Amino acid sequence: MIETLLMIALFFLVLSILAAVYRLVKGPSIPDRVQALDNIGVNLIAGIAIISIFMRTSAFFSVMLLLGILSFIGTIAFARFLERGVVIESERNK
Amino acid sequence: MNNIVILPIIIPMILGLIMVIFRRRIMLHRVLSILSMTGTGGAAAYLIYQVKHEGIQTLQLGGWEAPFGVSMVVDMLSALLLITTSIVALFCVIYAFKSIGREREEHYFYPLFLFLITGVNGSFITGDVFNLFVCFEVMLISSYALITLGGKSIQLRESIKYVLVNIIASFLFLIAIAYLYAVTGTLNMAHLSERVAEVGQGGLMTAVAIIFLFVFSLKAGLFLFFWLPGSYSAPPTAVAAVFAALLTKVGIYAIYRFFTLVFYHEPQVTHLIIGIMAAVTMVLGAMGAIAYKDIKKILTYNVVVGVGFILAGLASFTDAGMTGSIYYLMHDMVIKALIFIIGGVIIAIAGTSNLDDMSGLIQTHPYLGWMFFITALSISGIPPLSGFIGKVYITEGTFTSGYYWLGAIGLITSLMVLFSVMKIFMNSFWGETILSEEMEKGTTRGVMFPIVALVMLTIGLGLGAELLHDYVEIAVEGLMNPSLYIEAVLGGNAQ
Amino acid sequence: MESLMSILIGVFFAIGTYLILTKSLLRIILGTSIISHGVHLLIITMGGVKAGGPPLLGLGSTSFTDALPQALILTAIVINFATTAIFLVLSYRSYKVLGTDDTAQMRGNEDE
Amino acid sequence: MSLSVTSEIVAGVLILIGSIFSFLSAIGLIRLPDVYTRSHAASKSSTIGVLFTLVGTLVFFVIHEGVFSIRLLLVIFFVFLTAPVSAHLICRSAYRSDVPLAKSSVKDELKEVLVGENREEGRQ
Amino acid sequence: MKKPNDIILRGVTKVAVVIIFTFAINLFFAGHHNPGGGFIGGLAFAAALTLMFLSYDVDSVRANFPVDFKVLTAVGVLIAVLTGMGGVFFDLPFLTQAFDYFHLPIFGKTELATAVLFDIGVALAVIGTAMVIIMTISEDR
Amino acid sequence: MSLLHIMILIPFIFAIFVPLLYKLFNSRIHTGWFVLIIPVVIFIYLLRFIPGISSGEAAYQSLNWIPSFGINFDAYVDGLGLVFGLLITGIGALVILYSIYYLSKEKEALHNFYVYLLMFMGAMLGLVFSDNILVLYVFWELTSISSFLLIAYWYQREKSRYGAQKSMLITIFGGLAMLSGFIMLSMMTDTYSIREMFTQVDTITGHSLFIPAMILVLIGAFTKSAQFPFSIWLPDAMEAPTPISAYLHSATMVKAGIYLVARFTPVFGGTSEWFWLVSGIGLITLLYGSVNAVRQTDLKGLLAYSTISQLGLIMSLLGIGSAALYFGYGDEADLYAAAITAAIFHMINHSTFKGALFMVVGIVDHETGTRDIRRLGGLMTIMPITFTVAVIGAFSMAGLPPFNGFLSKEMFFASVVDVSNLTEFNMDTFGILFPIIAWVASVFTFIYSMILVFKTFRGKYKPERLEKKAHEAPIGMLISPIILASLVVIFFFFPNMIGDYLLKPSVAAVLPAIAENSIMDMYITPWHGWNTELFMTIGVIALGTLMYISLRKWAGIYRMYPQSITLNAIYNSALDKAQSWSASLTDKYMTGYIRDYIAYLFGFFILFVGGTLIVTNSISFDASNNAPVNFYEIALMVAMIVAAFTVLLAKSRLTAIISLGVLGYLVSMFFVIFRAPDLALTQLVVETVTTALFLLCFYHLPRFKEQVHKEKKGVPFKPLNLIISIGVGVVVTLFALSANGTRLFEPIAGFYEDSYKLAGAKNIVNAILVDFRGIDTMLEIFVLCIAALSVYTLVKLGLSRREK
């Protein structure tokens, strides 16, 4: 029962990941691509959740959390770079 | 179980790390580097003693029996290489005291140097394929750091090539491990050997062997040496010397280990390929050596020739060939370090590495000149210096196994080597003296000690070849008879 | 699965190789990164995939996938990270010092 | 038994809803005209989507496996916390790096503010 | 260039960093029985620091963490090595790890393993490395 | 270490002290006086062997060097060795005596000179007294090296260096050939001892390596003895100071080849190959040397070519004599044994007269400042003693009585005439050439001998062409040539003095069979009736005189020979070509362009690995135990491939980085699918940190927007790159498929599943990392630490800033 539901859910998730990949390829601007990256990250969290249910294991929860954290950090880094050309600032530069 | 086995890795590692912590204490760095080299040397000497009297020494790290844990194994070949490494590195580091410069010293020269030695020693000791990869990486990362140390433009330019080639080599190493694991399901070399012997070295196994050969050839500069001349001419002399002496030898050692311990069943395929590669290496290397009038280039191509010659002994896969190779391997480590050091001193004095711009140095530096002369003879295997025994037995080995062409190429290239180094001697030391002492840009002060010591070593290795014989014989026995190694590592738990 | 993975890995290798063969340093580094993914996936594929639960005891599984390749890959990833870091810094230093990131201009025969 | 089955169904449905949200956001990601509008789709609906999915997972594991994972809760919290910030930063960076608005956009209020700021800067 | 307004980011960062630190420590100690361990814990910790770098700047973070990360790295590796040496003094092979279960007053039955010490070394080395690399590059102008 | 060894090694030992002596005493006493002691002592020591040797005994002493390999310094003194030993030390003593007057103690670097000379002497002694072939080889190379140093004694001169290099290259080449020949010999006989080889001649002769070994050993001998076509080094070696030329080219260095041939005659001799090679090359050299000597204008050049030709003569005699071994013993054997006798006798004679002549030339050079025949003349009255010595030497060389050269020349003629009647060895075909060549060459020998004497000492004295005013040399300088000249005469009148004591035992050493089985008729007489030989000599004198007188009329022939195909020109251009070809070849593949290197790397990877896969026929496909595939996995794979292609085709760098990030996320997703939580975690963190690093470094790399502009021109599409990359992909895939289908063993991983019991850890991967394979992790963080330091130094230490 739940397997079927999960499969359908996974199907949608995969479609949205592919959509994000399309956006990644297509662009046209860099922020679009960063957006796609962020989106893929979020979708992967969901995907891992579903797979965890498939496998009946809680082993991947920390992966999800870390993915959340890191996709956030990654997005910030890109945003920073796009905005200022610098990722990390040092005091002297200000 | 023998914890001394691990010391050659641990000593330089710990002392190097201590140096990192006390960064500004240069004197401490120097003392610790000498201490570390003598320490590893001492450990190696003790290991040699033990191996001779008690057989191959092993350490199952963490107490996990092979093949599940990582085994550290010292057989005679490793032990000999360890002690040679320590000695050579000791003199290189002493040479560095005077030549490397304050800034590099403060930027972790000595720790990085010791880390390099850690990697080299680790590669000699380990009995596990993946651990070999890790040790390679320790060595390589340190070498990346050392080759770029100082960040001069030529260093940066050449190190990019060096780094990239080695990164790719590491990838190939990993895929080779992956394939190996898929087919055999184990990583321990002794266990591998047993498993390969059990099913026979079939086609796929030979193909795996070829990938390993390819990877190690890249490291050793066997046939795939194109990265070598550039990268060895970029770093400061002390570094170049230790590179020339040690880095390629690790690759050679690995080839030896694999093709005597694991993939020894199809020598008519694998060893013939090694032989052909060795021949091409020697020819191309020798051609490179005679082609240029630049000291650094000549010397680096000589490194290439040496590699080919050593592996010609393995290709022969006979007792004589192996004996010769081991002698020659030790000789080559000493002599390459030495000739790079002397070359560096010459370049420092003349302020250029172009032979056309120097002349008559023997007038002002007679001792240096004669040291170079002896080195030059030794490098081309002129008796009774250290290269001689190796040359004779490698040649005999190739003849015995019917590879006459290989032996002939070895001898002819040794003549070309002689020509190339004598070109340096005749151009830089002979001729009219054009440089007065005031005009010199460098000095021999303080660097003669390591040079003299290494020259003594090369003479001693030649005249005292008998002293080494017992050990080399044990080493050859170990190489030609893999069951000794397997027995020592797996003991009774062989599956 | 393993067969499909093998093909995927082959594609990674091909793309990575092509990138490494280009002139720009950055592309070369990108190429090494892609190949490194290929290598890691290759190791885990060669260890056999999906043969059991995650290699964690006490979560109810009784059979486990081969944990050894995972440990190896972990080490390999870290080492690859270290190498990539060095390579990146090296290339930007070279760009600063040599004024180019085009490897065709780094032949180095001119000033000797 | 019945609790378990119910929980499975509840979890499954939650997850399905989540994935549909994600899918919708993906459609938005493809169809919308410029980065700013796409950002809405991407951040809002996909956050909702992942939340549903995670809650579904949480329910499943709590009831079915008897595992209450604080990490899962943390994930939910964290995604909730950071997704808007990410979206905000992306948009801002897009704007600052001069990514054009869609042709159909009506008004750019920020422009006026920034132009003013820049003028001040120029004066200093 | 006028410094952009980072209030939103910084506000969130403060919360996020706390979460990440906690998570990192959790990952670190979970390592022996769950996914995680010194390496990942260390890197997650480093990720938190990176986040701080991103939303603040190098010097203000450095002011809060007055550590020479190069030394930290070396110390980390040293700890790992010396843990390995521990076995040698008991005439056991190098890197022999020991573990046992103790009854401690507060924690109850607790497993103490030298592997944890080893992992601490790993974590320190990883944090140190990541920080050295990131800081060195971002300081270079 | 026996006294014998000490005597052989004492030159080396003494050489160490020479610089010291030079430093202490040279201002007062010429260093040569100290050095002179050495050869004299050894000479006297060797003389003590004569009685024993002549009665058929031999001395043998062994000194361990590398006994485990059977490489021992087995000193063996028999007749042959003794003759050479006496020559080496005897002539050596005279040469040193001569050099004391020749080389000024103020101007010359005497410490170097005598060190080289002593090394050379020691090497020669070791060479002739070694029974062990490897030790013999050691000394052989030492002679090459020390002669290299001696020839380049005036290292400031370009020509000296050229000559030294040439002689070194050629003789060491020969040495290497000889070494490989020796190795083959030892493979055949399983010993390094020459004497033991004598007992296994049958094994050697029947062995398939017999011919190669023989040729290789002969190459060694021929290069050293300056046989055609290796003779070219000798004339250039004349750049050495004259005492050196006298020593190296009359008595020692070049005789080493003769010694070698004589020594190995019992091993190889008696076969037609050996016979033809040795005697044939010898005769060609004889002719070549004598013809070329005539055209020389430099006195030392003339002597050089004459040396070449005389060595050819000796060599051909040895070849002819080797026929004796074919016959074993008996009359015919004795007939050819006479050739060996002649060879050794002539060698001794050659040492005496050639030594004297070199010294004479040295005196002329020293006193007049030139050796050019065209500038010399009329010195007879100014330098009467020198002239006398020159006449004796030259006439002996030309084979005139009453000098020793006459005797050995007669014996030579006798041998070639005898051998032309031989029916074995296909002598019936070309055998007739032997006496003809010998005779023609002798005519030329006569001519150049006359040139040497008369052009220098007769004719008009031309002081204006000389740098110095000529006068007779100091008596000290004359002592040595006078001694040698008197020996020339004495040997003529009392040939059997050396015949009995030296020649017999040495012939016995060369032809052991004869020594054992027959009493040799070895009586040398100056007069042996009106026989063919005598008529030949008379003919030589008649035609020689005629041609000498008409020299100017026909000397133009020499100029017709094109310079470009002389051996010298061939050598020079070969050396140049070797270097320039090497350079162009090396430059061709060592482009310094990283792309090329990587292309080689991958190209050879495809070639080697793909090739092996195909050749060993090990490509297989077996998907039977594959894991099942889900649709989302395929979709993710598609996504990954798309992301990877985006990296490849991205026009901007940031796009590439972002795509790489996506790729990393997807890879970690696969790790999740493959049940590897730890890996997924690590991959994620590392991916993110790497991305951050990329971005950090971006600041320093060319700006993003410029880059877009630049790259819009297109990433040029390279077909070769494409082929290589597809090749790599295909090879990796094929290999992976084959390996996957060929799982031969159960992996060892099962063991780790007990990790909780063994290591107290429930996370198997972590248990492996920190415990089972803790060393990997330890080294891995070590790698990280080094990387951190490396990055730090890279950024902080920039010596390049100072370069500019």
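In order of appearance the chains are A, B, C, D, E and F, and numbering begins at 1 in each one.
One rule holds for everything that comes next: contacts are C-beta pairs under 8 Å (C-beta built on N, C-alpha and C of every residue); 3 or more make two chains touch, one makes a residue touch a chain.
Only a predicted model underlies this, so the values are computations on that prediction, with no experimental measurement involved.
Asks: In contact with chain B and with chain E at once: which chains are those? Just list them.
Replies: C, F
Asks: Select the chain at the greatest separation from chain E, using centres from the mean of Cα atoms.
Replies: Checked the centroid distances; the maximum from chain E is F.
Asks: Which whole number of Å gives the spacing of the CA centres of chain B and chain C?
Replies: Each chain reduced to its C-alpha mean, chain B and chain C end up 28 Å apart.
Asks: Cα centroid separation between chain C and chain E, in whole Å?
Replies: 25
Asks: Check each residue of chain A and list the ones that touch at least two other chains.
Replies: Touching at least two other chains: 10-11, 13, 17-18, 30, 34, 36, 55-56, 58-60, 62-63, 65-66, 69-73, 76-78, 80-83, 86-88.
Asks: Which positions in chain C touch two or more other chains at once?
Replies: 20, 28, 42, 45-48, 53-54, 56-58, 68, 72, 74-75, 78-80, 82-83, 85-86, 89-91, 93, 97, 103, 106, 108
Asks: I need the residues of chain E touching at least two other chains; which ones are they?
Replies: 4, 9, 16, 19, 23, 27, 33-36, 39-40, 44, 47, 50, 70, 73-74, 77, 81, 84, 94-95, 97, 129, 133-134, 136-139
Asks: By the touch definition up top, name every chain pair that qualifies.
Replies: A-C, A-D, A-E, A-F, B-C, B-E, B-F, C-E, C-F, D-E, E-F
Asks: Inside the complex, what are the residues of chain C that reach chain F?
Replies: 1-23, 26-30, 33-34, 37-38, 40-42, 44-58, 64-68, 70-75, 77-86, 88-93, 95-97, 101, 103-104, 106-109
Asks: In their shared complex, at which residues does chain D touch chain E?
Replies: Spelled out, the residues of chain D in touch with chain E are 71, 74, 77-78, 81-82, 85, 88-89, 92, 96, 117, 121.
Asks: Quick one: which bits of chain F touch chain E in the complex? Just the residue numbers, please.
Replies: Chain F reaches chain E through residues 677-678, 680-682, 685-686, 688-689, 692-693, 696-697, 700, 759-763, 765-767, 769-771, 774-775, 777-778, 781-782, 784-785, 787-789, 791-792, 795-796.
Asks: Within the complex, which stretch of chain E touches chain C?
Replies: 33-35, 39, 129, 133, 136-137
Asks: Considering the complex alone, what residue numbers of chain C touch chain B?
Replies: Of all residues in chain C, those touching chain B are 20, 25, 28, 32, 35-36, 39, 42-43, 45-48, 68-69, 72, 75-76, 79-80, 82-83, 86-87, 90-91, 93-94, 97-98, 103, 106, 108, 111-112.
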